[in-house]
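Dropping the structure in here first, questions after.
First chain written, first letter: the chains are A, B, C, D, E and F, and each begins at residue 1.
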Amino acid sequence: MISAQAQLDRTPTGISGLDEVMMGGLPSGRTTLVTGTSGSGKTVVAMEFLAHGIAEFGEPGVFVTFEESAPVIRACLLEFGFPIEEWEREGRWEFLEVPTDLTDSVEVVGRYDFGALVARIQRVVERTHAKRLVIDSLGALFATLPDKRYVRVELVRIAQALARMGVTAMMTSERREEYDGISLHGVEEFVLDNVLVLRNVLDEERRRRTVEVVKFRGAPHHTGEWLFTIDPRRGVTVLPLAFMS
Amino acid sequence: MISAQAQLDRTPTGISGLDEVMMGGLPSGRTTLVTGTSGSGKTVVAMEFLAHGIAEFGEPGVFVTFEESAPVIRACLLEFGFPIEEWEREGRWEFLEVPTDLTDSVEVVGRYDFGALVARIQRVVERTHAKRLVIDSLGALFATLPDKRYVRVELVRIAQALARMGVTAMMTSERREEYDGISLHGVEEFVLDNVLVLRNVLDEERRRRTVEVVKFRGAPHHTGEWLFTIDPRRGVTVLPLAFMS
Amino acid sequence: MISAQAQLDRTPTGISGLDEVMMGGLPSGRTTLVTGTSGSGKTVVAMEFLAHGIAEFGEPGVFVTFEESAPVIRACLLEFGFPIEEWEREGRWEFLEVPTDLTDSVEVVGRYDFGALVARIQRVVERTHAKRLVIDSLGALFATLPDKRYVRVELVRIAQALARMGVTAMMTSERREEYDGISLHGVEEFVLDNVLVLRNVLDEERRRRTVEVVKFRGAPHHTGEWLFTIDPRRGVTVLPLAFMS
Amino acid sequence: MISAQAQLDRTPTGISGLDEVMMGGLPSGRTTLVTGTSGSGKTVVAMEFLAHGIAEFGEPGVFVTFEESAPVIRACLLEFGFPIEEWEREGRWEFLEVPTDLTDSVEVVGRYDFGALVARIQRVVERTHAKRLVIDSLGALFATLPDKRYVRVELVRIAQALARMGVTAMMTSERREEYDGISLHGVEEFVLDNVLVLRNVLDEERRRRTVEVVKFRGAPHHTGEWLFTIDPRRGVTVLPLAFMS
Amino acid sequence: MISAQAQLDRTPTGISGLDEVMMGGLPSGRTTLVTGTSGSGKTVVAMEFLAHGIAEFGEPGVFVTFEESAPVIRACLLEFGFPIEEWEREGRWEFLEVPTDLTDSVEVVGRYDFGALVARIQRVVERTHAKRLVIDSLGALFATLPDKRYVRVELVRIAQALARMGVTAMMTSERREEYDGISLHGVEEFVLDNVLVLRNVLDEERRRRTVEVVKFRGAPHHTGEWLFTIDPRRGVTVLPLAFMS
Amino acid sequence: MISAQAQLDRTPTGISGLDEVMMGGLPSGRTTLVTGTSGSGKTVVAMEFLAHGIAEFGEPGVFVTFEESAPVIRACLLEFGFPIEEWEREGRWEFLEVPTDLTDSVEVVGRYDFGALVARIQRVVERTHAKRLVIDSLGALFATLPDKRYVRVELVRIAQALARMGVTAMMTSERREEYDGISLHGVEEFVLDNVLVLRNVLDEERRRRTVEVVKFRGAPHHTGEWLFTIDPRRGVTVLPLAFMS
């Protein structure tokens, strides 16, 4: 018997077709890893997840970003027709722009402590009453961590802290190959309970984009790869036709 | 001549079809490695092994977990219809949640000592009279071990300690590729006497799950890959039809 | 709805056929990575981007180069029929030749500081009123950086500084394989928002050159690989016929 | 002209079919490497080599083991119908169980000295008048050797010491892949004069076991791969039919 | 418009067929990398480049060599019918034999300085009025450089110094694979402006030799692979027939 | 014109068929690398080269060996019908057995000096008036060299010393893969002027042995792979029939 509560425990992304593939949405109150190669659509999917949250579900969102990419994301949202500047003014969307050197300043005896970062995230989440949160990307976050052994431990800590804040989160991570199943630091897929893979496959000089739920712990979902497109006007659309075959 | 005692020396997992593949169950009183990529079903198989032990064989179980995954496992068990909270109250199932930093605190002259962890496990096993035990996962356990040469030695020690406690154990370990035959630390399959491999193969955009007994020392078993499914209601089912062909 | 401003926000390269593939040109005021194997045409594409900027759009340009390659680039521009020496005299094209040891001299406590380089670039940009800028190549720039962890951080800093100067930039980076998707330092494609890949594929003893927009953040573009040629007289031509199929 | 003495210089394993593949047996008084992936049958082949030596040729044997695997080997021998406990009581089979930390205690100025281990082996060989000896496995033996450069030197020393003791020996070593031809420490196949490879190949979801003599220095043998099975009752059988085709 | 001067700016190798592939010869006054696996013909091509320079164009040449290979090269030239000893006596060909330890003696604070080597080369070039120069090979030159980060910088320096001396140069570098596109130190192809690849492909137990211009910066050339042979009498011949298809 | 002297400058191995492939034999007075995987036949080819030298050409030989393999080589020669013990008594064949620790004792400031070894070789060569010499193998020789950068330099030095002694030499080196073209230390094929590759290819469960001249500097030879067999009576035979097709 499946507990009713478990099945309702989902946060729809609002991205056309994607919630159907996930059988309802992201696991609420947990973190989902969105992983893929450069240009596979991670940032676009993550920003749409927050944007639909505000536009369709009235849930405020926080976008944690590194390497000064907020202006580009803002421009992209405008292109897709989202009133991002209005939302920012109303306090419904907040960018938390983490300077690439923050992590340096809090080094502690041979390893890093992301406690300061977590505290800043928490203040923003509380102020905005955010229900959705994005960290884009883990590659940038851990870039300067001197000892890669701590990626695993720190990733768990951050995910736990987000769970305590009650947000449904997406973290993006970078892959070098479409099909080798491993992100930049080699453990991201193992640590996080839920994993979406975006692929941008080159097939006879044409590109084909697919999304796949590789791991959803304790949550039913469709398996295998589903085609999607990124349209200059409507953004991401996972193809509903693919369900029929 | 096969000694009768040897053939009886099995602990059925209770997972539909899996005991038939293993010709009776896991080798009793020993440790079996369950290895696979992210999302291949290791945690689900491990939790069902404990759950069926309680529900069908009256054997209490201990689930050693890291990286705060107990709540997710609890939710998953509920979805599969197991009264995990009741079992926890009755002392028939116990989660031993190991903080990711435990291992740090017991560092000894250039290497780690898992003695403190083993002592904690033993206390819980004695208190619960557990017959089954899961350690999920070796990747998390050894994540911060500074010198990987000691993985092999420590793994043997822990497996020996479990043998002395008399439990039948599953340890999970993580792989990066479906078919390269090697876990995260490179020696797990060599050290442990019994190895189950779970695979989640992508075949023309569809996924196919298989389980294989790769090593069962001193124990007959079926060879090759067997299809299995994870159903939102019934959990893992190894397909009995596959035996006929 | 796509904001009109977003669509106009492009800087045409003037390279025949390439602007059509990019649906207008490079994202203005941002940096685009041009990556490919040795001999794939990165330097030729980059120099033509600047040359057409001057010849057709009246925009001055700065070419930052390492390893004393300015004379060769000058000779190549002459071959393609561009009056490079005239432009240099008129202050419309400036080479900023960075000695390979510059970076050594500004080493700071275990890492490098590219601040001095950025300051020099800024002075040249201001003096020439440059609208276009090329850095050729990141491989040479970061060759002697002792700690590769800082490539990511420093790359972001330089790209941000260029954005503040208001130039539309191309940075070239080197790949070892046509299809493995990763540049010399392993993070270039992740850090930069826009990525063009040049390929020089060996197919039954013949070479085929292709260009592909792999990532254009927030900007519509054609996908997949497009054939191009490098002609001794006309330089780079992306084949317009390929659009029809 | 082949010297008669050379051809007789073989020690039959007694394993059905294997001596025919080797054209008589293992080179007497030397060490043969038995290498394969996890579960390929190394330990089973090694234990049968000793067991048949006692049961059919009246030659006592010593089994050097690490990581406390003696009990499992004992159980496996019982399953195959060998009276291992009786043999142990009679002093015809002796397990030399090497604690995984022995090697630590004899560390000498930056490298390891296996002299103490060799001395212990010699005492057991003399006491039992052993003619056959197994070391299972080199992976466990060298696991904690800090400087892998010494694997080669130490392996030679141990093999020489065994030769002086007059025993015919099998050493097992672990491979990660069926067909890449290299054991865990990268030199085992080069150092030892005789090499048997066991393979467990996955072919369309079925497993196929093969054995091959890859190197027998100065000794004629059949070449190529030969099928074998591991039967719960009869243990290893190399298929005689395969000789006919 | 191609400047006439640019097109004349070539130095014919005199190797039958090769100048046609390069559309005139090597870029004059610059360095060309000749890269290939062991036995692919690098040394033969390099020595013929110098020999034809003397025999057909009256240009003296310097052959910089390491690892005492001058006698073998002399013998090979004699076999091809070149009066090397006569040329050496007349001062038209000079071997500069660099002892493999030279580089050791000029180590400077954690890196190497090839200044002494460059000075020696310059003296020989001035004395012989050499117009052509060969360095065979970069693998030997950089073998003992302790920090591989400096290969790139040093290679640039040496190539610049040669350019200032006014010689047309060939440097050879070693590859491990025919088609992976990368030399021993991983940057040779990126640093040098002109790259010739020699291949010796094994095709069904037969060898096929090919030459390809992979990069000629600012210089037209034929693309793709061209067959060549090494004849005991006539040395290297690139097949002219291959042009017609 | 090929100088007559050059063509005569060969030392026939006496191995049936091999001298035809090499068009006369090994380059006299130089070193040839014999490289291959474990069991590919390197030691057999090397010992036959010396044995035929004594039996058919009256040339004494020295066999430098490591890791105490002399007894095995002696036994193998006896099997092939060579009176090795008689030759040793007569001083026509000498084994120089290098203890695996010799190299340790002569360590000099952070690198190794093989001068002592070379001096010992020279004394034996002078005493025996050897014309042929084997070093089997480079893997064993360089096993304990702490800094692999010196393999290249030391290999050159040893080859030069052998050239000064006037012997025609074979050195064996070990490969991990049949077709990747690279020996254990990664530079052997680049340093030595002459390279023979032995292969033992697994083709549908059967083995096929081939020999190929990959590099013979300044010396004509047949190219491609040639089949050979190792017969228990006659040793190595390269198949003459293969020349006709």
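Observations on the model:
One rule holds for everything that comes next: a residue touches a chain if its C-beta (ideal position, glycine included) is under 8 Å from a C-beta of that chain, and two chains touch if they have at least 3 such contacts.
Everything numeric here is computed off the predicted structure, so don't read it as measured data.
Looking at the partners of chain A and chain E together, the chains they share are C.
When the CA atoms of chain D are superposed on chain F, the rotation angle comes to 60 degrees (nearest 5).
With respect to chain C, maximal separation of chain centres occurs for D (centres as means of Cα atoms). Across the assembly, the mean Cα position most removed from that of chain B is the one of E.
Rounded to a whole number, the gap between the C-alpha centres of chain B and chain E is 60 angstrom.
As a whole-number value, the distance joining the C-alpha centres of chain C and chain F reads 52 Å.
Chain centres here are Cα averages; for chain B and chain D they lie 30 Å apart.
Residue numbers of chain D whose C-beta contacts span two or more other chains: none are found.
Under the stated contact rule, the graph of chain-to-chain touches is a ring, a single cycle where every chain has exactly two partners. Contact ring, oriented from chain A toward chain B: the chain order is A, B, D, F, E, C. Of all the residues in chain D, the ones that touch chain B in their complex are 37-39, 43, 66-69, 72-73, 75-76, 78-81, 100-101, 137, 139-140, 143-144, 146, 174, 176-177, 184, 200, 202, 205-207, 232-233. Residue ranges of chain B in contact with chain D, taken from their complex: 1-3, 6, 9, 30, 149-150, 152-153, 156-157, 160, 179-182, 186-187, 189-191, 193, 195, 210, 212, 214-215, 217-220, 223-225.
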